[in-house]
Structure formats: C-alpha cells, structure tokens
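Chain naming follows the written order as A, B, C and D, and within any one chain the residues start at number 1.
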Amino acid sequence: MSVTDLKVTIGSLELKNPVLTASGTFGYGQEFSSIMDLNLLGGIVVKGLSLKPRPGNPPPRIVETPCGMLNAIGLANIGLERFLKEKVPWLQELDTAVVVNIYGHSIDEYSAVAEGLRGVDGISAIEVNISCPNVEYGGMAFGTDPDVSARVTEKVLEKSDKPVIVKLSPNVTDIRAVAMAVEKAGAHAISLINTLTGMAIDIDRRVPRLANVFGGLSGPAIRPVAVYMVYQVVRTVNIPVIGVGGIMDYRDALEFLIAGAHAVQVGTANFVNPEAGIDIIEGLKKFCEDRKIESIQDIIGSLVNS
Amino acid sequence: MYQQNTDVIFNKRVGPETFLLGLRSGEIAAEAAPGQFVMIQVSHDLNPLLRRPFSICGTQGDDLFLVLYRVVGQGTAILSRARKGDRIPVLGPLGRGFEFPDDQQKPLLVAGGMGTAPLLFLAQAIESRDMIFMAGYRSADEILSMDEIGLSNIEPSISTDDGTAGHKGPVTELLEAQLSINSAGAPPVVFACGPLPMLKRVARHAIDHNIPCQVSLETTMACGIGACQGCAVKSSSPEIRPYYHVCQDGPVFDVKAIDWKAL
Amino acid sequence: MSVTDLKVTIGSLELKNPVLTASGTFGYGQEFSSIMDLNLLGGIVVKGLSLKPRPGNPPPRIVETPCGMLNAIGLANIGLERFLKEKVPWLQELDTAVVVNIYGHSIDEYSAVAEGLRGVDGISAIEVNISCPNVEYGGMAFGTDPDVSARVTEKVLEKSDKPVIVKLSPNVTDIRAVAMAVEKAGAHAISLINTLTGMAIDIDRRVPRLANVFGGLSGPAIRPVAVYMVYQVVRTVNIPVIGVGGIMDYRDALEFLIAGAHAVQVGTANFVNPEAGIDIIEGLKKFCEDRKIESIQDIIGSLVNS
Amino acid sequence: MYQQNTDVIFNKRVGPETFLLGLRSGEIAAEAAPGQFVMIQVSHDLNPLLRRPFSICGTQGDDLFLVLYRVVGQGTAILSRARKGDRIPVLGPLGRGFEFPDDQQKPLLVAGGMGTAPLLFLAQAIESRDMIFMAGYRSADEILSMDEIGLSNIEPSISTDDGTAGHKGPVTELLEAQLSINSAGAPPVVFACGPLPMLKRVARHAIDHNIPCQVSLETTMACGIGACQGCAVKSSSPEIRPYYHVCQDGPVFDVKAIDWKAL
C-alpha cells in the first residue's frame, strides 16, 4: 500500500501534515502532552497572546448549545513577558510547527507583541487574531473593517521576522473584502473562521448564560458557514488559506481541503476528544491510501464545481 | 492523566435518579486520589457535544473506579442508559484532590446531595480516624444507602430539609453543632462538597471561626485539563492571581483561596 | 389556576398568541391543515411570493448539517397572480393572522408585489424578505446594505395598505445599522433572522452537496446567533421585533421573548414536528401558569442584565 | 394523512443490516396504499434533525403497518435500535402511490435492493393476477427471504451483480428478457423501484419500447408534505411545470413525466 505524502506548505512554512490545533482550544500544548505525542501534529497554535497579562471575563465563561458551544473567555492569557520566560523554552523542544496567536486592543499593542516575538526561535509563525474589539473605534472588532484589518496586518509585518497568518472574523457582510485587504497588506496566509457571535439565555433566571452576555459560537454547528467562507476566500486571494470551524473528524477536514484550504485547524473537537487532531491525521492518511492518492496536494482544491 | 475507552462493568440504580457507575481502567484506578474527577464522553453523537465532569467516588479492586451520579439533564440521562459491555471514553484522573488531615486533626466531612460522591472516596481513605460524616438531603427518599454503594462501614449522620429523616434543616447545622460540641477536643478540619448555598454557609462559618476547611467546587467545564480557561472562579487575592481554574487548581480549594462574594 | 393572556400586538397587528410559522417552512398552511387546527396559531407566514412564478433551483436543494440544515430552494413559488387566485380565497377563511412574505430581484419587483396585494383582505401583514440577491447590484443581497434595505422598505410602504414587517439578513457586519435604516424608512416591525449562508461538500464525489453550491443554514445550530441579533436589534429600534431562528420548543421561544421579541416564528421545527407551533403555544401557557404569570407581556423583554 | 406517536410492535433483523419494523396505527394502516411512504422521526435528540422517509411495505391485521429498511447511516442506525414498546412519531401515509394495472395488463415488478419495499406492498394488493416479481441484489447474501418478511406467497425471480444467485447481471436484464418472451401475451405494465442507475435503464427501455411504466423515486426530503419544496425533480415538460415534488406529486411517477437526463 502506497504511503501518502501529507506534507503541505503555507508560504514559507512547512508542515508535516495539514492538521493544526486551533488557538484557545489547546492551551500551550503542554496540557495535552501527557496523553499524546504532540510531534505527530502538523502544528500547534497557542492561546491568544497580548502584551500584558489579561485576567479574562468573569464566569460563567462557557455554555453548551446545539452541536456547539459559546465561549467568552475574554482572551485571558499570561502576557508576552511570562510567555517568553515560561512557555517558549518548552515549546522550543517540540518537533512540530508552533504558531503564536496574537491580539491587541490597539494597533500599537499588536505591533508591540509582534516585536516582542522578533528573533525568538522555536516560533514558526504568527497568527493575528483580528476578531477582538478595537477600543479606539467604539469596540467593533478590527476584523470587521477591511482597512483597519489591513493596517493591523501592515504594522505586524513591519515588526515581525516570521510568516504572518491573519485570522479573519466571520461576522462580516463580505469576507472576500477583508481577505483581499489583508492580502494586499502583505499577509503570508489567511486562516478562517473565528467564532460567530452568539448568546444564550437562562429562561428560569432570565439572565444571559454568559456573564459577558454574548460570546463566540464554535463547534460542528458552524461548519457549513466556515466551509462556505473558506470556499469564497480561496477563490478571491492567491495566498494560502487555513480552514477552521467545526472540524470533528477527517471527513470534516476533507470538506475544507477539497474546498481549497491548504491546512486546517481543529478547535472545539479537542475538548470532546483530546486526540482529535491525531485521529484526523490518521483518517486523512487512510482515506488517501484507500484511494491510492499519493499526495494530499491532490485533494487540496479538488472540488468539482457543478 | 489518561484518555481511555473504559469498559462499563456496572451502571446500577442506587436511588431515585441516582446511579453508581463502575468503569474499568487499571491506570485511572491506580492514580485516582480523593477529590479528583474524570471527564466522561456521555454521547457518541455530536449533541450534547461536551464531556461531563464527575468526581471519582471510589475504587474497587485494582482496576475499577466508581462514579456516583444523578440524572439532571440530557447528558446524565444518556449515561444512565449505558450497559455492561459498553465502552465509554474517559479522561482522568484530573485536578487537585483533598489534602489529607494530619493525625492530630479531627476530620469533619459535610456533604450536600451529590456532593457525597467525592467525600465517600475521602472517607474510605481516612477510614481509620475518628472522622464524622454528615450528609444533607432535601428529603428522606433521596438518602443514599451506603449498603447499596457497598460502603456499609460509613455511617453518615443525616439531615433533611423537610425533616423526613434525621435532623430537620440544612446539613450545615449538623456541622456547626459538631464544631461546638467538639470545641474542647482535637482540632477539627472540615471537608465540604455540595450545592453552592451550602458551601457558602460552610465557608463563612469556617472563615469566621478560623477552622481549616477544604471545599470541592463545581463549574461548567469544556476541557477539564486547563486548556480552555472556561472553568474560572474568582480568587480571594486578585493582585496575585485573578482567577483559578477549577479543573486544574481545584476542584478542591482551601476555603480562604476563593472570593465567595463573587460566587 | 389563572389563565395566562398570550395576546400580543405587532404595531397595529393583533395576534392571539406570539407564535407564527416562518416563511418557506409552512407552505401556504394548507399542507398542514389536515393534521392540525391552524387557527390555534398566532399567525402563518406563507412561502415567499414574487411577481412572476419562479421554478426555483435544480436539486439537490436541501442537505442536513449538525443540528441544522442547508436549503437552496431558490424561492420557488407560484407567483402573484396564481397566489391571489388559488391561495388567497382559502387563506381568507382562516381565523388567524396571515402574513405574506414577499421578495423581488429588483426594487420595482418588490413594490409591484406589494401593489398586487393592495386591497386584498384576509392578508394581515406583509413581510419583506430582503435576503435575496440584488441582480441590479452584482447579486449581493439587498439586506446587506442599510441604504438599499431602506429603499426597498420605502417602496413597499408606498404601495402597501398593510402593516409592513421587514425581515433582516444575518449575513452582515452590523445588524443594528440595517435595523435602524429600515425603521427610519418607516417599517412597522422587524423580523430576524433569515438563514446564515453556508455550504457542505460531498467528500466522496468532491462536489457541493447543493446544486446551487451554497444555501441557507437553519435550525437549532443557528439559535445562539439569532438570539444575540434579536437582543441587539431590540436595544436599537423602537418598533416591535419578531424573533426567528432555531426555535424547536417553548424554552427556545422564551429565550427570544425574554430578550425582547414581541413574537416568534417557528421554521425548520415544522419539518421535525408539524405540530411544533402548537406545542410551543401550549408550553408557553404552562410555563406562565406554573409561575402565575398573568400576561405574556410580563415575559417580553424581561431579561435581567448582569 | 396523520401525525401519530406509534407503538413499535416489532423491529426485527431480516437480513444483513436490514430490518422489518412493525408500527401500530389503525388510521395509517387503513389509509395506506402501495407506493405511499411515511416520515419517521428516528431521533429524540436534535441530531440528526430531520425525519426520514420510508415506503410502507405492507400492513398486518387492521392496525399494523410495516417498514422494511436498511441501515445506511446515522438515522437508520438509531431506528434499528428501537425496541418493542418504544413510541415513534410518524407522519403518513404520504404521497401518490402506484396506479393499479387493469385486468388486461400483465404487471411486471422490478426491484433493486431496498426498492423491494414498496413493490412488496403492491404485489400483495394485486396478488391475484399473474404478475411477475423480479428482485436484483449485489450479492446472494443480500437476498431478502420472503418467509422472514412473512410473504412466502411472493416468489421473486432473482438476479445478482456477482452471479452468486439467480441471473448474473442487473435485474433490468431479467425485465428485458421477460418483455421479449412476453411480447405475444397480455400487454405488460412495469412497476420499478431501486437505485437511480437501474431506474434510468428501466426508463429508457420502457420509453423506447413505449411500455407503460411507473417508477418510485427517492430524494432527500425535509417536510414530506409539499411545504418545503426540497424534494424537486425536473419534469419532462418544463413549459407546463418545471419541477415535481417527489413527496407530493410522487414518489410514484409515470416514467414519461420525468426528465431522466437531469437525474
């Protein structure tokens, strides 16, 4: 039986396979290291990192919804300084791509974090989360405005010596406009989607189920929205695209790859099955080998359009 | 910590809407400590999506661990239909359990409703000592039979809200009575698990009277291993650390570590 | 036991209870009349109506997704003329509110349909579906642009002698902007949400599961998105709001009412349980009566904001 | 047409991955005609969401109707676990069934795989006549035992793709053979149900030789009652009517009404 080549490249970033874990759903990798071999993964995207430590939102922070979940973690994280001191040395020992997801509440904060990661080895790429509120502009997310998204991208690129992946927000009228803007700004790759904004209400107590009132919807419920946005963006830009959203098994991952994504990220599925990423890699391998497909490249973008 | 597909050895009804689940895993049974919990994948379908957290309430032999649970919703209802021979994915043991009392201390265990589960495991571990186990229920018909659970050596003193058995009133009154009787004797240490209102009252009393006390908390959880930060509770010293993660820093906490007003 | 008053009013439109069936999921009501008493419903919103008959999209038109479904029916309908001749006489016999959902591919078509319904009795209100592609403007849906949405609303109002409900598309960056625009244009009420755009791929044949490639996502999967958008719009406009999206039972309906919706529409649930609407009305009644709530009005907008 | 919570009387395995389901409903059993179907709510959970369409393959006594189904995915897998005493919501009978042949005609019934289901009901209804029942399977092990189903009076002539039983080749070859043998005899009328490729071949042959033929079609369905328009198939005369709705205008169609190229 022929062994399928699962290698993919995202710009200058080489991955041993197209399966990464999504930011915020896999901690810093350490949490999972005792139950699985992280080096089997195509890569790990660590928890969103900001310049200063952030406490996050008051609880309750999560609530289950039909085939999904809402989260309002509030991007809690330990901040750049502690990340470099406490997490990077451990991450440097890994033999898989390590992508650092960064965010800020101002454009300056974004570039400051990017600068702080400059020259640090063991970090394969930076993923820019533009889905968080822009305090300078009335709290609408950076990612909802193509121009602002482009500006964040430029500033990060100025300061960064690593491949820059911009992660798009799905809560927009035209995802293609944002994708084109960040490509024009020089982004090396695009990942999508981040969570859809949603809310759930406790009808007995008549209060929002999340202390933050609203949160981000993730899980299989949102997969059809994610697949369509990836399909649109792949047909709009020339930089590689990473598909994210509701991937639970290898068949879900294949939808994104066939639509044209060069890689995928697995998020909420890590909570349901901590080994989801590895199971998906195995599933992709078997799917290809059963069909004598020699390279995963032959799958990527192979959608036959009716 | 292990991720395993465990065999269901038994899943028997031990009370109204209450079940005792026996799962086989040598590794988890060997590693399990009182107060720790497991994340159980109750559904093989996409809905409900997330695993459910359950305390480990004991072990049997060298490869069986027990979960005592009540059916309160969809996930526990699905779990209650599991049969011998089914395989259930389990992640565990997880979290920080109880710190054992030292030989000088007199352990007072206070349980409300299903809060009994983790304390049963603790009680077995410190069996030898002259500890006191207090269990509070809404009504007599909810009382868990220790024989059913296979722990006839434990004889809890009972309280019920409606007075249909034991002391009439919250179990916290049993505790407070014990503490005053006991005031002369060995220094007490309190271990509590149960509904939030009960825990709050235990906490206030313990803090006011400066009695060492450990509580086991519950929150909704997604990952159970410190990765999602979904299970936060406010700490009492925000300047040092604003939030604890119940799944990792807990579920057992020193009563003084928690900001009870925020709960 | 006190009997709860379930009456609600949407502007000048009086409903015996707050539960309507959503457009496109209940046909013209007739299809369900042999298995239930339609007059128990607060109202019926009939299948989207256009000026001329429309054949709709080629099959496959529907596909199931996690806790939801995608549809690309293509707004197939019999057209104004046959609707007036074949359906209206039957609808006039009903003792419940009949709302006619209309759409067009140009602003003129919208106003032409509105004009055609002018003076026709037995029609309680018009619901304007602005989620369909605007052929004059590159196919983006009317409802994605606040100004265009406002213009459609104005034109329909000019021609209509009935209460006009404008139904918003959720596929926008800022639902509040569209809501404000249609309120300013004179809409008597707003209903939301229409379907989210999504896609599913057959990984074995590597083709889209829908002949139309993409479709509209509905069902419980989208409820958190719908609840949040209703929550936002209720706090933005002063006209009444009708909540739609993923309502399967009375508890789901209560989330929308507590958030501030004056009524709800039940869509996909009709496929799962044709009597869903009636079961929800019963559930609301029982919920209120168990809690000695005298009027559903005491529920509407009763969210306690943390 | 009724919406009822029907009692499961039996749900027995009658072949590999194939089950015969007996549901109690006097109303549905009384109204059911060969070729009609029911929408069954297989799951009590939100996933899978939609009901599943199944042909009525017969009735028993005056209050039982039967469904013969194969497990092909999540919904049918859930259905296969239904036990006697369970209650299953059913909507039906739905759609237009077969038009019965007149006494002069010789009925030729052609089934592929699970396409047998609606034709069994038809065969019972026109039992008396000298009809011929042809059933095609992929392989011998798939052959449905008529004794198992309780219809030992029906003796289908068999074909298998792999030749492990009966004629080797598609069941359409049996039909075509029959038609040529029969050419002298009574005018034939064909009733067909099965996979699309088989139906297409039957259709071409019937149309080419101008033989009256009714086919039962399958599409994905949401409502089953003409409300969602999700089950469209292209008609052969678009100027009059572009699409038919399988749930309402079918599932049984005159072979000439359908645009086979579009399928």
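The rule we apply is simple: a residue touches a chain if its C-beta (ideal position, glycine included) is under 8 Å from a C-beta of that chain, and two chains touch if they have at least 3 such contacts.
Please read these numbers as outputs of a predicted model, since none were measured by experiment.
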Partner chains that chain C and chain D have in common: A, B
Chain located farthest away, centre of chain C as origin (C-alpha): B
Chain centre separation in whole Å, for chain C relative to chain B (CA means): 47
Chain centre separation (chain A, chain B; CA means) in Å: 36
Between chain B and chain D, centroid-to-centroid distance (C-alpha), Å: 55
Where chain A touches two or more other chains at once, by residue number: 66-68, 219-220
Multi-partner residues of chain D (at least 2 other chains): 46-47
Chain contact graph, described as a line, ring, star, complete graph or other shape: complete
Interface residues, chain B side, partner chain D - complex: 45-47, 74
Contact set on chain A toward chain C in their complex: 65-68, 70, 140, 144, 171-174, 196-201, 203, 205-208, 211, 213-214, 217, 219-225, 227-228, 231, 246, 251, 254-255, 258-259, 287, 302-306
Touch list for chain D against partner chain C, complex: 1-3, 41, 46-51, 89, 91, 219-223, 225-234, 238, 242-243, 262
Touch list for chain C against partner chain B, complex: 66-67
In the complex, chain A residues that touch chain B: 24-27, 31-32, 34-36, 47, 55-56, 58-64, 66-69, 71, 73, 76, 219-220, 248, 268, 270-275
